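Written out below as structure tokens is the structure these notes cover.
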Amino acid sequence: MVRFTHRISKKAGLPPGTLIHVGDKKTEKARLRLMDYTQEHFEERDLAAIEESFSYREKDSVTWINVDGIHQVDMVEKIGRHYDLHPLVLEDILNTNQRPKMEDYENYLFLILKMITYGEAQKLLYIEQVSIIVGRGFVLSFQESEGDVFESVRERLRKGKGRIRKGGPDYLAYALMDAVVDNYFLVLEKIGEDIEELEGEVISKPVPETAESIHNLKRELLFLRKSVWPLREAVVSLEKGESPLVQERTTVYLRDVYDHTIQVVDTIETFRDMVSGMLDIYLSSLSNRMNEVMKVLTIIATLFIPLTFVAGIYGMNFKYMPELEWRYGYGLVWVVMVVIGLLMLLYFRKKKWL
Amino acid sequence: MVRFTHRISKKAGLPPGTLIHVGDKKTEKARLRLMDYTQEHFEERDLAAIEESFSYREKDSVTWINVDGIHQVDMVEKIGRHYDLHPLVLEDILNTNQRPKMEDYENYLFLILKMITYGEAQKLLYIEQVSIIVGRGFVLSFQESEGDVFESVRERLRKGKGRIRKGGPDYLAYALMDAVVDNYFLVLEKIGEDIEELEGEVISKPVPETAESIHNLKRELLFLRKSVWPLREAVVSLEKGESPLVQERTTVYLRDVYDHTIQVVDTIETFRDMVSGMLDIYLSSLSNRMNEVMKVLTIIATLFIPLTFVAGIYGMNFKYMPELEWRYGYGLVWVVMVVIGLLMLLYFRKKKWL
Amino acid sequence: MVRFTHRISKKAGLPPGTLIHVGDKKTEKARLRLMDYTQEHFEERDLAAIEESFSYREKDSVTWINVDGIHQVDMVEKIGRHYDLHPLVLEDILNTNQRPKMEDYENYLFLILKMITYGEAQKLLYIEQVSIIVGRGFVLSFQESEGDVFESVRERLRKGKGRIRKGGPDYLAYALMDAVVDNYFLVLEKIGEDIEELEGEVISKPVPETAESIHNLKRELLFLRKSVWPLREAVVSLEKGESPLVQERTTVYLRDVYDHTIQVVDTIETFRDMVSGMLDIYLSSLSNRMNEVMKVLTIIATLFIPLTFVAGIYGMNFKYMPELEWRYGYGLVWVVMVVIGLLMLLYFRKKKWL
Amino acid sequence: MVRFTHRISKKAGLPPGTLIHVGDKKTEKARLRLMDYTQEHFEERDLAAIEESFSYREKDSVTWINVDGIHQVDMVEKIGRHYDLHPLVLEDILNTNQRPKMEDYENYLFLILKMITYGEAQKLLYIEQVSIIVGRGFVLSFQESEGDVFESVRERLRKGKGRIRKGGPDYLAYALMDAVVDNYFLVLEKIGEDIEELEGEVISKPVPETAESIHNLKRELLFLRKSVWPLREAVVSLEKGESPLVQERTTVYLRDVYDHTIQVVDTIETFRDMVSGMLDIYLSSLSNRMNEVMKVLTIIATLFIPLTFVAGIYGMNFKYMPELEWRYGYGLVWVVMVVIGLLMLLYFRKKKWL
Amino acid sequence: MVRFTHRISKKAGLPPGTLIHVGDKKTEKARLRLMDYTQEHFEERDLAAIEESFSYREKDSVTWINVDGIHQVDMVEKIGRHYDLHPLVLEDILNTNQRPKMEDYENYLFLILKMITYGEAQKLLYIEQVSIIVGRGFVLSFQESEGDVFESVRERLRKGKGRIRKGGPDYLAYALMDAVVDNYFLVLEKIGEDIEELEGEVISKPVPETAESIHNLKRELLFLRKSVWPLREAVVSLEKGESPLVQERTTVYLRDVYDHTIQVVDTIETFRDMVSGMLDIYLSSLSNRMNEVMKVLTIIATLFIPLTFVAGIYGMNFKYMPELEWRYGYGLVWVVMVVIGLLMLLYFRKKKWL
């Protein structure tokens, strides 16, 4: 559960806007990467200190500053001051428990997304918070650690492929969102494979671990849904938000992201239904196995208990037991017992137990 | 699960509008069919290359170009360029993971539908994506493979029966949608028959495979719902969309399609409820059988265990066991045992186990 | 399931507006009944052919034509032509798979209702589609077969009781709807009795058939809900529809029908909840019985198995078994066994099994 | 179920506005009580006939006529005629199956409420319909039988305590509603106590009757919800209804009633969730007990069956069984059996069954 | 359940606005604390009587009066009279059964919140009602007992840190709400830890107490949801309420509180889903254990019952039993029994029971 509520306790009771990092410290030192571009020009550099980026603000170009590692609170604060960000925005960037959302602060838009990867071995989701600020001529993105899904966007910027260098900061923000959402499909695909595998297992050879796997899958889908569901709303409010920061021609792309988000949410719901169904099948196959075990027991016991009783009868030591003296007594007893046994077998056959 | 997410991974990270076919390559070579008609005139031909169709655009007639096999990306791209389609539209046509939707691009309407068939043997749904573009004077339709539900529409076009040759491209699009939705009823009918059959089975002779069948049916209904549910919205936005491409007199037909869609969705929901109910019945009949097995075991064991004990007593070899010497000891033991047996049977009768 | 989807397959692929009867052929020959009335005047006759009714259209009076048996497609077509009905309306009248709905075609209103009866013996619902057309000065009603719930309306028309002869066609349509909805309460009452009976049974003496009855009841309630639920919307759109065909003073009556519909829907939902609850009780009482069976088995087995073991010990044939020689060995064994038995009984009492 | 649908059948087929009492005849003779008041003046009397009240209508004072026993249809009709009530209103007053609702008839407001009491012994809800008419200068209230929750309102009227004598008919109606809703809390409190008691029982000593109690509680909560849920809407439409009959300053009180209703609905939902949860616990404790029973059986059987087998071996009568001749054969067998027994016990300990 | 409905019965039947304390008397004597501040000035004092605070009302400063212990009805009444509060407001303050809500009384805003703590030992929630009145220049807060989550707010006021001394009463009210909501995260964190612990337990070693713990957790989450859910609405109506008492610049902070509330609600829902899932796992692991117990019993019984039967055969005392005379009869019997035993073991291995 710690995964749900990242020790928010250390924040409780502090005034709003107090900047404290809430989350795992995922990177040793924060890494700053700057990309500055117009349609013709392109520059890319790693920054040693955030101050190096400030000069780019005056330019006409689009500047994208990507921060890997938000645990360096002072740096985030400096950026905040330079770009005039509201204290609550900075607080939200640092607190990795946020839900995905979009907020319009007139001079800039503030977006929170969740970047998700699926550890196939442990079958666990890893969720990283990505905050994006879209302003006039600049985009800031904050991540918890290095390693992201934005490499393809960077590549397109470098090569100037497609619309990306022609679009403004809004298009860049769209491209980042699109990369995040596209990645959800990868996660879903892997989960889908796990479900398929589990489905085979639940029917052919259910073991107690199957229930555990189902439960884990269910929980991870809960997590996933919690991380993706609010994104729908965020994208809609971006598309319909009528902020001058979002150009008319970008909205068609946002609609596309929206479609993808819906598709992701849809698939999550379908997966959840399927996983729930699997638990039912698991339980029913437990009952079936119990039935089978019971049948074996019942057949054996029902067959031999009466026979043992008969044998017990003639094991008694009464002085006067005429049958014991009969010449064919023993043979007769065998006949009786075989008949009883056959009747039992007939009965079981009638019951469809054999 | 692969059925859910068709390897979308190969697309992740590419710029929007990159044209890559996502789906199974269902046809060897794409087939192009063109129909061109006015109320009086009708022409039908198979095209060797898409360029042959371009001359028809100038005409006043309605041109319907049907593409079977969207894996030929270059051809789709050519069509897109000629008809001025937005790159995102082309991307959606090629990516067969789309949800049904309707998008208004001013100069044309873009519709995505799912054509569904039900393989009765394997009890699996086969879902094919159909994309329809409705423009001024033309309708483009893209399918994944040959073989479709549009043959009746073609026949009506050829024979000039009904309103179809009088209506514009919007009416043709309606006719295609109607054919797709009508076909859902066929699928539902077959599923309905499977449910009926399963319902009989679950009550009369439930076997472990029954649970599996129920589970499969449930999953296919999930698929079906996922494919049909969003269509509702698409049809509504077409009907109320106030696009000049949709004529006033066509809306009453769209309302009819809408009614049918609702009916389909309704029936799917009812089927889902019924299938869920069947699982409960299956589980309860498992419990009932377990009860029956247990009862047989209990009756036999309870009847004979005490009797065997009695026999055991007189099988002991103590030197001084007065009963053994009695003249009628053996007879008495039989009497005792019969009495015990009868009492047991009475008890079972009282318990309603016999 | 056939009950759900009446072989709609024979219609698939036909152009819209093709008139084909979909449903069971419930009546041999269609019956036509005409009632024509004003506040003062009243006329009632059976028509041999539909053409006889056409002259009434010119009159100022209200004409109600009731058709029993819609399988006579040609007749329905004639009516359609005479009263200028849209082909889709005729199609809907003939296709008995429609959901309840209200459509405003400016010159007339088109209503679809479901008339429901409950076969108490088979515990099945019989659903008949009733289509009503309300125009200026006329009401047309189409039923699948003779025998309906409108007899009371006819009686009131004949006797001129109440407002009915003073109201226009809208009031007549209301009266028909009211009769249909009132009849739902009768159906609910019967189902309610069945639920009550089943509830007693499920607690006092649950048998496997109980589960089946619960399942059937559940399914019939599903059917019922499917038939009534959309009616809500239909009545609302009639009440708020602002059609000039519905007089101001009739709306208060429509609101009353609406209230009743809500009440029906409410009761169906409550019934569904109750029936679901019953299944849980049934399952728990199955478990209880299993527990009881197990307890009996365990008590008997646990009591006698150790005793039989003791008897077995002294049934061994070892040469040197000192106990066997003891004078009171046999008596002692009995004492031991009685003590063991009593201890077991004490243990069971402690466990609350006795 | 009779409780759900009070024999509405006797009404089916009658014209709207036909006055027939549907419900149990709860009082022998209807009782009429009149209260007439202004801020200064107060009069209270029992009426022998409803006509005695008619003179009060002219006065400026507020007149409250309370009718206990609506089965006297003719009297209700007289009141209806005198106060110009719509026939449908009278019909609704007499039919005790109504849902709570508020209807605005311009000259008067019509309110239906459900007065609920909880029979603690039988654990059943008793539901009585209360209809309230609020007009200019008068309030009419109709109850099914004597005995109500309005005594406190009467007391306040008599004593002139609080705002009640200063407020108009709308305030009086509010006071009546408030009394009804306040009473729901009493019912909830008692149900809450029953739930608490049951919760202890389900954990400490579940018996089959527990399931029955849970089921009953569930059903009564269903009833309760059905009776209270629609009230929310009724109160809202009264508060926002903008009827001139409701004074501005009364709306704040209506908002208070609304808050209470929401609270009641909330608590019902919470109770329902709790009761559902209890059934799960009950079922899991059934399974636990079964497990325990099985364990006892398995321990005893597994311990003694092998031992009995060993004793059986040496009970055989073969001529040549060397062990039987051994000097310490008997002792050795005992050793073997004790060892087997101990191994079994160790095994059970390892399995955590002991 | 008493925790749900705090003996509201003593209030039923009283006129609205009657001031009666409903709740537990949590503090011996009410404690009054006053804080008065502007940006420059700060004063803090404990009041012996409420009258001491009245003089502060004239001042321009912001006055915050905090009342610990609402059971002193007369004092609350005095405050009410001095600050012109509506009787219903006072009633709501005293009745601790309220749902969270926001009401706009023009001259002041009235807020009800729930302060929640989680007793880790008993795993129970303690819920305390906090009422806040925001007026022009003053904030009144009422709590049930001493000890709260506002200490951090007081500290910030004392030190003049952050915006708090610059903001008006609306900002102070925000700060109080924020403190309450922030505290929910602490509660969630603790519950999350309990869930995590229980999750391990349910899989590794489920005992009957596990079911009880799950049930308790479920119930506490129900309580929590009931206390938090309506807050969403309250915060929204405060933010969008357009009351002049809420300054423009405060709304961004309210939006932040809103975000937090949503996050809390979200997490509660996720927790509820997880806890429900745990019960399923618990039940499935009960079934698994039953299966295991049954298997042990079946293996032992099935192995030895036939063997015991064989031994029983040769324990019979027939005179003529040829086998008994055989030289190697005894050895042969052993061989037969070992073979039977091995076949059984093979069978179990095939069944995967061993």
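In order of appearance the chains are A, B, C, D and E, and numbering begins at 1 in each one.
Operating definition for what follows: a residue touches a chain if its C-beta (ideal position, glycine included) is under 8 Å from a C-beta of that chain, and two chains touch if they have at least 3 such contacts.
Keep in mind that this is a model prediction, so the values were computed, not measured.
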### Contact-graph separation of chain B and chain E, given in steps at minimum
2
## Note on the structure
Label-sorted list of chains bordering both chain C and chain E is D
### Query
So what angle, to the nearest 5 degrees, turns chain A so that its CA atoms land on those of chain B?
70
### Query
Copies chain C, chain D: same or different interface, half of numbers shared as the threshold?
different
### Inter-centroid spacing, chain E versus chain D (mean Cα positions, whole Å)
26
### Query
Can you give the whole-Å distance between the Cα centres of chain B and chain D?
42
## Note on the structure
Among all residues of chain C, those touching at least two other chains are 283, 287, 290, 294, 297, 301, 305, 308, 312, 315-317, 321
### Task
Using the contact definition from the top, classify how the chains connect: line, ring, star, complete or other.
ring
### Task
Please report the chains around the ring in sequence, anchored at chain C, with chain D in second place.
C, D, E, A, B
#### Entry: Of all residues in chain E, those that touch chain D in their complex
1-2, 4-5, 7-9, 11-18, 86, 88, 97-99, 101, 103, 208, 211-212, 215, 218-219, 222-223, 226, 230, 279, 282-283, 286-287, 289-290, 293-294, 296-297, 300-301, 304-305, 307-308, 311-312, 314-317, 321, 323-330, 333
#### Entry: Of chain B, residues touching chain C in the complex
149, 151-152, 156, 161-164, 175, 178-179, 182-183, 185-186, 188-189, 192-193, 195-196, 203, 252-253, 255-256, 259, 262-263, 266-267, 270-271, 273-274, 277-278, 280-281, 283-285, 287-288, 290-291, 294-295, 297-298, 301-302, 305-306, 308-309, 312-313, 315-321, 351-353
